[in-house]
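One chain, chain A, links the two complexes that follow: it is found with chain B in the first and with chain C in the second.
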Partner chain A sequence: MPSQLIWLIFLLPVSSFVIVSFFIRPFVKPESRVAGYITITAISGSLALSLWALAAVMAAPHHQIVVPDISWLVVGDVTIHLGLIMDSLTAVMLVVVTIVSLMVQIYSQGYMHGDPGYHRYYAWMSLFTASMLGVVMADSLLLVFVFWEGVGLCSYLLIGFWFHKPSAANAAKKAFIVTRFGDFGFLAAILLLFAHTRTFDIAELHGLAIAGALAGTTLTWAAIGIFSGAVGKSAQFPLHVWLPDAMEGPTPVSALIHAATMVAAGVFLVARTFPLFAHSVEALTTVAIIGGVTAIFAASMGLVMTDIKRVLAYSTISQLGYMMLGLGVGGVAIGIFHLFNHAFFKALLFLGAGSVNHATGTFDMREMGGLRKFMPWTYATFLIGALSIAGIWPLSGFWSKDEILLHSQTGGPSILFYLAMITVFMTAFYMFRVIFMTFGGEYRGGGSGAHGHPHESSSVMVTPMVVLAVLAVVSGFWNVTGQFGAFMGHGETHSFVHGLFHPFTQTLPWISLILAGLGILLAYAIYSKKWLSAERIGSMFKPLYTLFIRKYWMDELYEGVLVKNALIGGFFAGLQQVDTYGVDGAVNGVANGAIAGGRAIRRAQTGQLQFYGLFIGIGILAIILCVYFFG
Partner chain B sequence: MSIGLEHYLILSAILFSIGLYGALAKRNAIVILMSIEIMLNAVNIAMVAFSRYIVPLMLTGQVFAIFIMVVAAAEAAVGLAIIIAIYRSRETIDTTKIDLMKW
Partner chain C sequence: MNLQLFIPELCLIACAIVVILLDLVIQRKGLLAIVSIAGLVVSAGFTIAMWGGNSQAIFNNMLAVDNFALFFKLLFLGIAALVILASTDYVSKFTRFQGEYYALILLSTLGMMLMAATTELISLYVALELTSISLYVLVGFLKDPKSSEASLKYLLLGAIASAVLLYGMALIFGFTGKTQLGEIAQVIQTMSLSGILDSPGLILGIVLLVAGFGFKIAAVPFQMWVPDVYEGAPTPVTAYLSVASKAAGFAIILRVFYSAFGLPQWLSLDWGLVFAVLAAIGMTVGNVTALPQTNIKRMLGYSSIAQAGYLMVGLAAVGLSPVTDAVGRSAVLFFLASYALTNLGAFTAIIAISNKVNSDLIEDYSGMGKRAPLLALGLTLCLISLIGMPPAAGFIAKFYIFSGAVQHGLLWLVIIAVLNSVISAYYYLRVVKVMWLGKPVSEEKVPSSGALRLALSVSCLGVLLLGIIPGFVMKLAEAAAKIFGF
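Up next is the complex of A and B:
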């Protein structure tokens, strides 16, 4: 097949967006499922092409296909191309995005059926997927930025999908504004790189960084700027606050945001520009530290949340921290491998949470319980997802997490290794806390919207979960003998793509397995057998519990201190003073001066013709005198 | 002592000043109009005097004087018509009371 067909991967979701939003939504009743079928067809096409592209890339020398590009803008001596990169990183990401998106769209046929905004939902989901595919494929930083913002826009629209709820509208705004802080750094980095190299092309920038033409503080600042964009999108500390609130959107949107699109974009961006990071020790260490700190920081908050989606949200932040840590200490292959595995099991967990919500009408785990009997399929798939994220052999999470742990042991500050190990324990604990609270014990009645006994979701919702569960089991085996690392490693500088690793030749996997097992055991003891009382533990560690449940007061810090005092009270108030007294003062001052001058001079306009005549006479006399004396 | 150009010019200046004073100081619009006529005639005297004493072979000054008389006649006609119109609408020709064009 000709390589131009790769463009279709991106264009199919775009066309489904156009069709649904311009031809279906105005003319077809929302009860009709046609919008969903169109979207699913388009994304299935993208998936098929992505799989073909992956196979082609695997077969190609150096795992890279050259796709002819189009010259887009010519400004002076700078030509901006509209082109795409087709290497191993892009190929893997394409498959991840299209599979997860397809599963989410199929699931949404059940979950969103009957919603008045059904068509709108599918239009935006198509655009969301298309934007992410654009980010993944774009070959210049400028193009990446365009699609990057497209992803941000779609996440805003979808988080605020039920915009009539104030909490959803606020969450959407929060997500948009918080990520904007990071994007500012990203844009600054793009401009900085352009000022130094006169190019936006990613491959050229890689070449310059590898050749050493781009180095020193410029490179470090550029890399940190790019990373700040990734921090915003991937919800890393300290810009993580938007992600838990993003739960206000429909649950399938959360699944897509958390698994394949929005948050993965940040990790992908760092991986895409990795040669820039690789040549700046400071930037790489920053990535590792932020990642490691975020991992444990978010996990600690996940320990105490009672909303099932919020627990999953914090687990996402924590896992993204792992990915960043993996990138920082190990390289592209390590970080992206975790992203690859995480996409499947996290999408699965969110779809499971949505299924539970459909049955019980609530997200509060205290009102659930005992769902194992009513929802066997949801339970089984959710359990697989939880085991995978906890890193239990032989599920996918185990393989990628151990790679990250191993590399954090050898590279980066050693404290990060211990933080990552503690996070393993925490992850296992909070995931099985969810399992035991939701599926174990007796049914506790559900939310106000529940009626009678909960029942299993329809097959259109269960099937995608089963598919994802299968993927969550098998995806990790790609790297058992190191094929994934070898595949990703091509085109990288070899010092940063470490050698291949077989887990069971060392003691580390055993330690992490034991830690995860202890976490599960503790959750079992507290939430299933009630040997230990959760309340007593909570009151024993009261300050710590308060710290976690109040999310380290980060929201208060941002809203109360930063926004209300520093921004509104300080900076904006200062600007307002400048505006009131400086700008307005100048404008009004000129006007008032003219008025006062006019008021003074108008006294001379008496309306007496003879008075004017007198001045004419005096004027003539003055002219005559002037001519007489000086002429 | 024969009468020369200076004497005519001094007469012209005196008449012009009297006219100017009348035009600026009097309240009655008709008197103002008359004062303007005096000023115009002062100019005529100067014109004719210049013509007679400086270029006696040319009639430029005299011709100009005749033009000024024509203009003065037309001006008097128009001026009186305006004064009548003002009188009809405001029942006064006191210029201090005709002051609509003010702030």
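Up next is the complex of A and C:
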């Protein structure tokens, strides 16, 4: 097949967005499922092409296909191309994004059925997927940024999908604003790189970094700027606050955001520009430290949440921390392999949470319980996801986590290794806390929207979960032979059987398996057998418990102190004052105090004009003084 | 002298007279708009025919006919045509003076065309006053208290600005003894550095010129009139002011500062830095003050102050290296074209909505996506373009101007500009959010006339074309900017 067909991977979801939003939505009743069929068809097409592209890249020399690009803009001596990179990183990401997106779209046929915004939902989902595919494929930082913003915008629209709920609207706003802080760093880094190299092309930048032409503080600052963009998008500490709130969107959207798009974009960006990081020790260490800290920090909050989606949200942040840690200490293959495995089991867990919510009408685990009997499929698939994220052999999470642990032992500050090991224990504990609270014990009646006994979700929702469960079991096998690492550019291959049982000859996997087992056991003791009382433990560690449940007061810090007091109370209020009173009423106010009624207004009117004139005079004077003193 | 080169302007004069006379005799006032547009089209036809030729001078070297002037003339003619198209509904509500309205727009367009062409200080002043006086009247056209107040403010502050400008010109004339821009440049270049520094009159004169022109382009600190005038003026006139008047200001700044003060290098560095600082302040003040606005016209007023700031980033880049500059000048021209289309589109949608809703408050735009999907879609595109997001023209325009500035070592300014773009997204997107996600105030649809729809479609199509295939207009801008060179 000609390589130009690769463009279609991106163009198919774009066209389904156009068709749904401009032709289906205005003319077809919302009850019709046609928008879903169009989107699913388009993304299936993208998936098929992505699989083909993956095969082609694997077969190609140096694992790279060259696709002809289009010259778009000529600015002075700089030409901007519209082009795409087709290497092993892109190929893997394409498959991840399209598989997860396809599963989510199919699942949504059931989950979003009957929602009045059904068409709008599919239009934005198409655009969301397309933007993410754009990020993955773009060959210049400028284009990456364009799609990066597209991803941000779509997530804003989808998190705020049920905009009549104030919490959803606020969550959307929060996500948008918080990630923009990081985006600014990213943009500054792009400009800095452009100022120094006159190019946006990623391959050229790699070449310059490898050749040493791009080095020193410039490179470090550029890399840190890029990383700050990734911190925002991938919800790393301290910009993680938006992700737990982002679950206000429909649950399939959360699945997509948490697994394959949006948050994966940050990790991907660091991987994409990895040569820049690799040549700056400071930047790489920053990535590792932020990743390691985020992993344990988020996991600690996951321990105490009672909302099933919030637990999953913190687990995502924690796992993203692992990925960053993996990139920082081990390189692209290690970080991306975890992203690859995580995508499947995290999408699975979120779809499972949606399925549970569909049955019980709540996300609060205290109102669930005993669902194993009613929802066997959901239970089985959720269990697989939980075992996988906990890192139990031979599920996929085990393989990628094991590598991250292994590399953090040798690379980076040693404290990170211990943090990562503790996180293993925490992860297993909070995931099985979810399992026992949700599926174990007796049914506790569900939420206010629940009716009678919960029942298993329809097959259109269960099927994607089963597919993802299979992937969550097998996706890790790709690197059992070392082939994933080899495909990504380093590592050696060996036989499958050797790879499969090799971990048992080492100490580290044993320790991590024992830690995970202890976590599961503790959750079993507290939440299933009730040998230990959760309340007693909570009160024993009261300060810690409060710290975790209040999320380290970071929301209060940001919203209360920074936004409310400093910005809204101070800066913006001041501006508002200047606008309404300073200008209109500088004189107005004085006059109102002295003289009442119409005379005051009249004086204010004339006074205001004098004020303007005076301002012009002062302005001229200021410029003259500046020119004389500094010119 | 070759009067043929003056035909585009003559067409407009003739057309304005015809419109006023026709107004006296015909009943169907809609015809006036058609005649005006016909006049603009004919004038544009002659202008296009002159494109690409060598630079020529007419009226004793007072006016130049070169690609730079022609580019702007075409821009002004296009803007005027779109504004008239967008005015038809609005104006039909007037009981009297419809002819005068169109005639005044034509005459101020004429003034702007002269502004773009002038190469001499006296004719520059005359052209500027022709433009301004027509605009003072247009701003007060509604004759309600708000509009009259706006007009009076604009007139008085405009008079101050004119006085400042004249004073600056007088100083420059006194210092050099010339009024021709080219001759001024020659005199300055023959002078020694100490000769200039010893008598500060020249620098003072240049600063006063910056202030006088700064008023036109709404540069901070000469922007105070903008929100009041934008809010009070009839909305089509606001649209016209916000784009045409600003473009004319930039045309004249480029011409004067390039032709007269482009060399020596230290002089251009001086004014380049002045524009850099004004740009930084203008963007920040404009964007930050736009944040809490509740009236969309006022919000766009502050936004236009911010956009002037972005444009001045281009001027700063030109000033820093007038000799080697390859991108800065044409970037300013491209930005102006893109901004004109974008802002006209936005205002056209606002006119259509306020025709029906009788409100300019952003909260009344709630649910407009349901009540008037096409208008809301057009407005959304234009707001996205104002933010500078792809695929709209604003993205390319900003990219073009910023990359020029980065290449001339203005990284700090570009970072401020980018930070500002980030801030600006918030208030532009708020309108988008209200329109698409808000609950409609009423279920009633908002109809719009064919003329408005045409104006909006043309603007939006232009915004998209410039955003996706900018090559053609970029080449025009580059050809126009080539006439300046050392």
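Simple rule for what comes next: the second predicted complex is superposed on the first by the 551 of 631 C-alpha atoms of A that agree within 3 Å, B and C clash if a C-alpha of one lies under 4 Å from a C-alpha of the other, contacts with A are read in each partner's own complex, and residues count from 1 in each chain.
The rule we apply is simple: a contact is a pair of C-beta atoms (placed from the backbone, for glycine too) under 8 Å apart; a residue touches a chain by one contact, two chains touch by 3 or more.
Note that the structure is a prediction, hence the values are computed from the model and not measured.
Asker: Let me test your reading of the model: by the given contact rule, A:L609 touches which partner, first (chain B), second (chain C), both or neither?
Answerer: Both partners.
Asker: Which of the two partners, first being chain B and second being chain C, lies in contact with A:F184: first, second, both, or neither?
Answerer: second
Asker: By residue count, which of the two partners contacts chain A more extensively, chain B or chain C?
Answerer: C
Asker: Which chain A residues contact chain B in one complex and chain C in the other?
Answerer: 605, 609, 613
Asker: Using the touch definition from the top, list the residues of chain A that touch chain B in their complex.
Answerer: 602-603, 605-610, 613-614, 617
Asker: In their shared complex, at which residues does chain B touch chain A?
Answerer: Listed in rising order, the residues of chain B that touch chain A are 20, 23-25, 32, 95-96, 98-103.
Asker: In the complex formed with chain A, which residues of chain C make contact?
Answerer: Those in contact with chain A are residues 149, 152-153, 156-157, 160-161, 164, 200, 203-204, 207-208, 210-211, 215, 220-222, 224-225, 270, 273-274, 277-278, 288-289, 291-293, 326-327, 331, 373, 389-390, 395-396, 399-400, 402-404, 406-407, 409, 411, 414-415, 418-419, 422, 425-426, 437, 439, 470-471, 474.
Asker: Along chain A, where are the residues that touch chain C in the complex?
Answerer: Going by the criterion above, the answer is residues 26, 73-78, 142, 146, 149, 160, 163-164, 169, 177, 180, 183-184, 187-188, 191-192, 194-195, 198, 572, 575-576, 578-579, 583, 605, 609, 611-613, 615-616, 618-620, 622-624, 626-628, 630-631.
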